[in-house]
Structures are given as C-alpha cells and as structure tokens.
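The following block contains the structure, expressed as structure tokens.
To keep things simple, chains are lettered A, B, C, D and E as they appear, and every chain counts its residues starting from 1.
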Amino acid sequence: LSSPKGTNITLASTTSTENSGLLGYLLPIFKGDSGIGVRVVAVGTGQAMRMAMKGDADVVLVHHRPSEELFVEEGYGVERISVMHNDFIIVGPASDPAGIKGVTDVAAALGRIRSSRAAFVSRGDDSGTHKRELSLWATLGFQPGDDDRDWYRESGSGQGATLNVASEMDAYCLSDRASWVTFGNKRGLELLVEGDPLLLNPYSVILVNPQKYPHIKAPEGQQFIDWLVSERGQQLIAAFRVEGQQLFFPDALDPTEE
Amino acid sequence: MNEFSNAFRTAAHLLVEMDPGLLEVVLLSLRVSLSAVILAAVFALPLGAFVALTPFPGRRGVVILMNAMMSLPPVVVGLVIYLLLSRTGPLGTTGLLFTPTAMIIAQCVLVFPIIAALTRQTVFDLHEEYDEYLRSVGAGTRQKIATLLWDGRARLLTAILAGFGRAIAEVGAVIIVGGNILHSTRVMTTTIALETSKGDLGMALGLGIILVLIAVAVNTAVVTIGGGANQRTV
Amino acid sequence: MQSQHHMLPLVVNGVSYVANGKAIIEDVSFTIHDAGLTILLGPNGAGKSSLLKLCHGLWPLSSGSIRWGDADVQDVKQKQAMVFQRPVLLRRSAAENVDHVLKLRGASSAERARVIEESLQWAGLANIADMPARKLSGGEQQSLTIARAWALNPEVLLLDEPTANLDPAATRRVEDLIRSFAEAGKKVIMATHNIAQARRLADEVLFLNHGRLLEQAPAEQFMSGPSDPLAGRFIAGELVE
Amino acid sequence: MNEFSNAFRTAAHLLVEMDPGLLEVVLLSLRVSLSAVILAAVFALPLGAFVALTPFPGRRGVVILMNAMMSLPPVVVGLVIYLLLSRTGPLGTTGLLFTPTAMIIAQCVLVFPIIAALTRQTVFDLHEEYDEYLRSVGAGTRQKIATLLWDGRARLLTAILAGFGRAIAEVGAVIIVGGNILHSTRVMTTTIALETSKGDLGMALGLGIILVLIAVAVNTAVVTIGGGANQRTV
Amino acid sequence: MQSQHHMLPLVVNGVSYVANGKAIIEDVSFTIHDAGLTILLGPNGAGKSSLLKLCHGLWPLSSGSIRWGDADVQDVKQKQAMVFQRPVLLRRSAAENVDHVLKLRGASSAERARVIEESLQWAGLANIADMPARKLSGGEQQSLTIARAWALNPEVLLLDEPTANLDPAATRRVEDLIRSFAEAGKKVIMATHNIAQARRLADEVLFLNHGRLLEQAPAEQFMSGPSDPLAGRFIAGELVE
C-alpha cells in the first residue's frame, strides 16, 4: 500500500480492547500489511474522547454510542463506523446470595440483587460500562442513592480494579466479557448472567476530523479504519481467541447490525 | 488552555462552597496520610538514628537497602498489602481490606524508608560530631538515639515532610488497598485519578490545586510549630 | 601521693594506634602508680590527644593493652570524665548541657538542679545559663565543658589543653580545680603546651613525640633538665622535628 | 498466598529468560528516571544551596513552598504537562506528547522539589559552619554554592537517591504524558499497573520485585562510586 | 610606625552589636592610625572575637560605623585575612584548604602550587599536606588556618587567639610572622589571653570588658600600668567581673 515505512498513528482506545490482547494481536498484522504502526493509548472512554477532542489521537476505538454520536456531531470525528461487538455480563460470587444464576433477563437479575441488598460494585467512573449499568438500573426505575450505600458500592476505578474489589467483597458487578475472560484474579467470582440483548456492547471506530486538526494523519488513520472493517480485518477479529473463547464479534460485514 | 482557568475556577468554587463531598475526601486524606507519617516516623526515626550511630557488619548493605526502599513502587506495596489483607490472605480475618486502616498501613510502608534513610543521613552528620562526647559520658544506645533525635529535631522535620509529601500525593497504593469506595475510602488523589479517567480534567486539576494548598498549609503549620523557638533551621 | 586510688595503677602496655594507615601512637608503654597530676607534653601532632582518648577507652587499640587498676579500659568511662581539646557542646542551652550528663548518670531532678547551679556558678557562667551553648564565646565554651566534667564528680579527669582559650583568671580557677582534685586523691591526666602551667601543676611528666613516649619523669626532675635531648629543646621553645 | 511464590517465580523466570520485552521496559525506565533525576539535580542542587545560604525577605515562605511541593501529586503533574504538550496546547507543536521526553519532563518536575528541599536542609547545616569563612575570604554566591555542594556531595547523595526513588516508582504522571504505549513509552511501573488491572497479580508483583532489585543495583552503584574515597558517609 | 598604610586609619565610631536582644558590643569608638600590631585584651566573653568580626565586616552593625581608610568595612575583605578562634576547615585535604582561597583570588595554577607548598612548608605541615584537614591535631589545624591566611598575603591580618593550641616552637613561628608582617608596614589586630605574648609583640593595646572599650593605650604604657583599674587586675591574673 502507499504509506511510507515507519509512519505511526495514535489510537485512543478503551482498556478492554488493549487488556484482552485483541490489539496486540491485530496491530502487528496491520503493520505487516500496511507499514503503518499504531500506538495505542488505552484509557477510559471519557479520557479517550477527551484526548481525541484535543487532537492528541488520530483514531478512537470506543464503546459508548451516545458520546460517540455527540463527538461526530460536534465536528471532532469524521464518521462513526461500527467494527464489532462483545457483550456485558453480570459476575458475582459462586454462592450467589441473590439467586441470579442462569437468569436471562438482566432487569430481573438486577431486581433480585437490589431486593436482597446483596453487595454490588459499580465502576462509578462514568465509563461506557458504568453508563450502561446505570441505564440498566433505570429500566427498573431505580437510581442508586445514599440509602443504598450498604450494598451498592462505587469503586471509582477501571474494570480490572473493580473486578479485584468485587472478588474480594463477594460482590456482583457488571463487566464486559473481554475484561472478564482475560481477568486473572477471579477467585470466587463466576459468570452468572449473560445473553440478554440489552447487554450488547458495540464498539466503533472514528477518525478524528482533519478539518478540525490539520496535523491528524488522516490518510493513515483512514487506512487503518478501512483495514479493520475489511473482510480481512473482520475475519481476524472473529478469529481472535482467549482461552478458546471468541471475545469480539465482527459487525462491519453484517448489514443487519448498522 | 481554558482547562487551567477552568481548574482555578473549579478549585475556588469547591473551596467557597465548602462542598461537603470535598470536605469528606480532604479530611480522610489528611487523616490517612498524617497517621501514616506519624506511625512511620515513630519507628523510622529511631531506626535511622540507630543505623547511623552503630557500626555493625553489613551496615553499608543496610544503608543501601534503606535507600533503595525509597524506590518501592506504590502499586506494588498496594498489591502486597492487598494480598496480605485479602480474605484468603494470612491477615484476612482482620477484615481491614478496603478500610482507611489498610490505607494507613500501605502509606506507612511507603513512607517508612524515606524517613529512615533521610534520618540516617541527618543523624550521621550530627553523630560524627557528638560521638566521642556521647561515648565518653557513657550514654547507652537509647540515650544516644534520644540525644541525636532531639538535637536534630529541626532538621529532621524536612525528612518527615518529605515522607508526608510522598503519602499525601500517592495514589497507586491507596487505590488498591482502599478500593476508592465512595464515602468510605475515597481520598483526594483517588478522586483526582477518577476525574481524570472521566475526562473531567478541570475538576481533576482543581482538586490538585486544593491538594497543593492543603500541603502548603500542613507544611506551614509543621514548620511554624516544629521549627520554631531556638531551633530555627528554616 | 599514695596509690589508694582504686583505679590505679594505670598500665599502658605496648599500645599502638593506627588510623588511615598511619601509626599515630606507636608502641607506648608506661605505668602510672600515683594519684595526682600527670602532664602529657609534646609538640603539635605528637599524639597527646590520641593517647588521652586511648586511655579513656574511646578508640580501639591497634595493639597492646590498657588497664585501670583491675578494670579494662573499656569499662571505666563511667568513673572518668574527659574534656576534649575542641569543645563538643550539644545544641542546647549551657544549663541543659550540664543537665544532659547528670540525667545520663540518673541523678534526681533536685540533685540535678543543685549541681547545675553549682557548676555554672563555679565556672562563672551563671549569668549565661540559658544561652544556647554554641553561641558562647571560645572561653565560655571551654569553661562550660570543664564545668560539665566537674558535675560528674569523676574519679579520673582527663583534660586536653583545658585552658587554651581561658583568660588568666579562668585559667587560675581551672588550675585550682585540678589541684584540689589531685589533693583529694583523684587522678588527673592533662595535655598542655603551656610549660609554665606544667611547671606549676605537674607531679609527673610524660613527653611524647611522633607518637612515641620519649620520657616519663617526676615533674621536678623533668623541668630542671629532661634526660631526652628533644624534650630539653621542646621546653626551651625550640623547633622539635 | 501462592501469589507471592508465584511472583517470585515470575520474577526469576523473567530474569533468567532475559525476556526481551522486559529488557526494553527496564531500559526505558532507567533512561527516563535517571535523565529526570540528573536534569532535576542540575538545577535543584544549586537552587537548594542558594536558598540555604542567602537570607532574603520571604525566604521562609520559599522554603515552606519548596517543602510543600514535595506533595505534588503525580497525576496532577501529569495532567498539567499533558495539557501543555497536547497538540492544541501551548507547546503542542513540539510533538513531545506520548514520548519518553515528555515522561522525563514530568518526572523532573516531581523530583525537583524533593532534591531542592533536601539539599537546602543539608546545605543549611554545612553553611552554618562555613558561612563566616566563606564571607571572610570574599567568596561570591556562585563560589559559595560550589564549595558547599562539593563539600556536601556525599551527604547530598541521599537527597538525590530520594529523588530517584520517587521517579522510578512513580506511575501517575508517566502514564498520562507517556500513554503507556507498547514499545514506545511503556516503563516498569506502567506495566505493573497494566498487569494489575488485568488481574495478573503474580506478574505485577514479579515486575515489582525486579524493579526493587534494579533500585538496589542503582543505589549500590551510586553509593559505591559517589560515596567512595574520602567522603564516605555510608 | 607611620601610617603609609592605605587602609588606615581604622575608624570605629559608636559601634554597637546586639544579638538575641543582648548587647555584645556597646558603643565602642576608637581609631587606629598606625600599622603594626594592635592587641585586643579582655576576659572571656568580653567581646574580643565579636569586635574582630565587626572590624572584618562579617556582621552587620546594630549602630555606628567602621571605616578602613577611605573604604567602608564591607568592601575591604579582599584585602584582609582573618583567622578565627575556632578553626573553620573545609572537608578537604590540608593542601586543598589552602588551594581554595587561592582559587577564589584567581591565582594561576602554577602560582597556586608554589604558594601551597611554601605556606605548608612555613607552617611545618608539608608532610601532612594530603591529610583530610579535619583529622589534623588541634595545633595542626590552627597552624593550617594561619598558613591559609598567610597564603592570601593580605594588607590586614585579623587573628583571634592564633596560638592557643600551638606548641612553643609553633607559637614562636607565628609570632615571627606577626612581627615581620608588622615590620613590612602592614596591619595586624590580634585577640589574645596570653599576656606574655602581648607584652612581646604589641605596639598598642585595646582593653575590653562586657562589650565596652575601657582603655586604648600604647603597649609599653599599658603593660607597665594601665590606667583602667580592671585592666590592672586583669593583667595580674585576677578575676575581672
């Protein structure tokens, strides 16, 4: 392809794609195909968008649709392109005091946790996952408040740290599947609830608008995006496995998704 | 650069409003870090003095180790204490994990080598001067330590303040052993980290400004009280 | 002087002291049987201060042995007091400096107050008892270290040029102290350059040069004409190499 | 507690294998932190000495501020430098964001007040002794500073090592201005933070052990070279 | 002695110095017209060291003024050298201590090597040139500070008890130095307790007590019978209050 050897672009991404190893798997292949290196800065969704808005990244890879749309609307991003999805799950202690194991309706499961006042750890960090969790509670008409302090805990941290807290406290928590599968300190925690369509977690990729910031490496960034959504990129995403599990499901080639 | 003016406005706003959430976080920060520093100093001062005044085989090694322990990464200290206090850990039954006590312990471990190493250096110089006198009048080790620490108290303040600086500014250890739990173990630095990850840089910086103001207040108080009277070295 | 003193004789036997590869004291042997005043004489750098410190047990011997009566030199510090050539004063007031040694010896607080007052009075320092000791004048500092040693009421007093910075009156006071000490059957060993002072006070003289003991003699005999030729030139004020 | 044995096994394994990824990260850590400390020391030593020896109105305030700046939180320093170096920030055109240079700058800012405050304290004592001599022989300010720093060099080592400890152990600032980019700005502490967030505590601890070993090696080297000869204070 | 010396007369006018609320020097006025040796006499704590330091411009005056010839006291340090009562030695070798002042004065490296050797030779310290200065014996340290001052070849030499720790030979050497200095038309001001030494050397005596100047007189006149009664008792070795 056309780019000179040694070009680098900066990708602001969420921690799940980095920590799961997906990017570590994809990027060397992309570099081989294109000669373009991708430098990943893995932070929370909020921080990633913020960085991009200041022109410090060329491409963002995130998973919170409303802020993505706002980002494009305000002219910071060129276009929001769906890449893949995985899903959220609820994990909790094997003893399962709220009795949610196997429940497929996520709202029902959360309702049981709430009524049993079993410990629940929220990320509390305005991340995509945190916002999703709040919107799930909202389907029950519930908004955690001061009265819930005894069981509803906010860890104010990333997914890994929150899982560490949950495993220690025997608490439930919402996680994305990729972070959970690759998490190394599960101890008593188990995956309890999955499969509700409400738990779908779509990732999209956006090129930062070169009209806003002329220094953005738009051609290379676009080349990366094109590669990700190409047949080759999508097949590679589907082929990525951790402990035999597929963590991310390509969306770009599936016309029903977007 | 409106983040900067934003930050000052946020800081002023938080201070003027006396935001109760802020107050809670500030007080916990002070409680944890001051406790940690005092606890560490109680043991590190005599230890530093002891190492300075007692020649024993391997002292050079101990000194190097003490200096090297100033490089302990907070995250690692946090992890070790997390594992010790974890329910399945050896001290799990104490139930201290995710409590301010755990945070005090973690900061204490971080601060201890700093105070000990700097104390050793300071007392070493004083001891060089006092050594023959102290031995001549037959002072025992404890009496020597007491004399050296007392006469060096003004200059040891800087060592203690360096320890306080490390403690109050530190985030890696307290976030792991405290869990940054709202209304329970959330301190200034963990709040700053949280606001940063939210992308709310103005709030993060504003809190940072308040933290520095608090540090200035603590330092002023300590230097004024401790360095006063006839031992002014400041 | 008879040797009723229970820490005598002082037996120094084949003592050497090496620092940084240099022999500062070399194969020194002598015995002091009697109480009273022994003066160490010798030119600058002869090893007087070093020998005093060795006799006080402050430095480890490179070879040889030192015994005070039945006791090893390491075990007698509590019964001795030493005044260093360069005053070592704590960063405290004059009175607290005296208090420090009294506290170490476990004196009661009433006792301490009494002795502090007495000793500062004696040294003419009563009016500056509360001054930071290290701000005192050269002579006041030296007086203070002597008062501090005096407060310990030791059996043995080791003095290193104690009057170097004192005015004539203070010098006389210190000399009186030394005399009364010696007359009370205690032992004083003093290094000095002041030949006139040595003449006034000494019962016995040890003459050192280059770390070696060249002569030990009763004072009168030494002063009227030492057997060592170097010593003779020394007391005549000539250059001793 | 198998995390601990696990950690030691991981550490041993990484060391024995001479894992090239590890080597890259270790070398960058050392490069960044040593550069930051040397850079900070070059300015902080003379500044600390200057403040110690020059009485000027407001000196007490400057000293308190210097001490208080030891409490600068790394995250805040990271944020400020991030905002300055950001493409849209005042220094954006330098293109330094997410480079080792940015990390060096951040650590330098963190370490500077530590070295300056401890230097001031150390030099203050020495200056008290040398002051009248230096003025008597008509030494100018620069000559005074040079004399005091040279004669205090052995004891100033501990101040510099305290600065090194802060730098090498610090994660909050470097992760923000460096971005923890693989093969580019990933250092030991950011790797430890990453492994912790992955829940791979054994790896995190193992890396922590290696970091401490490296700190011991650096301290040994510095103390052996710098504190050698006729200025041994260790 | 004539006053060809361009830094004379030294005019001290109504000088007081207050430290920690205590008047250490009180309303002292005098003029020194002539080169040669002026001795400061007085009991311990009289203020001799303080007055020397004030004349050297080391301390700010609380009131009054001091001028050396046409110059303010603050501007003459480069032409003076002072030897302190308590030696201040850098943590370096003896030779490097001398080198330090020579470097400050911008001497060339050949010049420095020459002067270092000469001065240490003069002080009898050539054999310990490379020893750490602070390990030297009391007398060696004092000799070194004098050698260091000598190396500066000053117009004015201020000496504070320079022979307190020196043996008779070294004392004579320093006295010879002082004499040759004075004879070369330079100015020496020296504080001493050694009345015999004052008698040997002084051209003029200033007698201080409690921070006040009680008498200024030519040496012969003072030594044969000072007009101040306290001074009389002082040189007789009596206690002066």
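Quick notes
The working rule: contacts are C-beta pairs under 8 Å (C-beta built on N, C-alpha and C of every residue); 3 or more make two chains touch, one makes a residue touch a chain.
Worth saying up front: this structure is predicted, and the values here are computed from it rather than measured.
The leading chain pair by number of C-beta pairs in contact is B-D. Between chain A and chain E, the centres computed from C-alpha atoms are 81 Å apart.
As a whole-number value, the distance joining the C-alpha centres of chain B and chain C reads 47 Å. Computed centre separation for the pair chain A/chain D is 35 angstrom, with centres defined by C-alpha atoms. Chain geometry summary: the mean Cα position of chain B and that of chain D are 17 Å apart.
Residues of chain A in contact with two or more other chains: 158, 161, 164. Not a single residue in chain E touches at least two other chains.
Along chain D, residues 89, 196, 201 each make contact with two or more other chains.
Taken pair by pair, the chains that touch are A-B, A-D, B-C, B-D, C-E, D-E.
Partner chain E is touched in their complex by these residues of chain C: 19-20, 42-45, 49, 85-86, 124, 128, 131, 135-140, 143, 160-161, 164-173, 193, 195, 234-240. By the touch rule above, chain E contacts chain D in their complex via residues 53, 56, 58, 77-78, 80-82, 84, 88, 90-92, 100-101, 104-105, 132, 152. Taken in their complex, chain D has these residues touching chain A: 86-89, 92, 97-98, 179-182, 184, 194, 196-203. By the touch criterion given at the top, residues 129-130, 132-133, 135-139, 143, 147, 151, 230-231 of chain D touch chain E in their complex. Of all the residues in chain A, the ones that touch chain D in their complex are 10, 15, 19, 24, 39-42, 54-56, 158-161, 163-164, 182-186, 213, 215.
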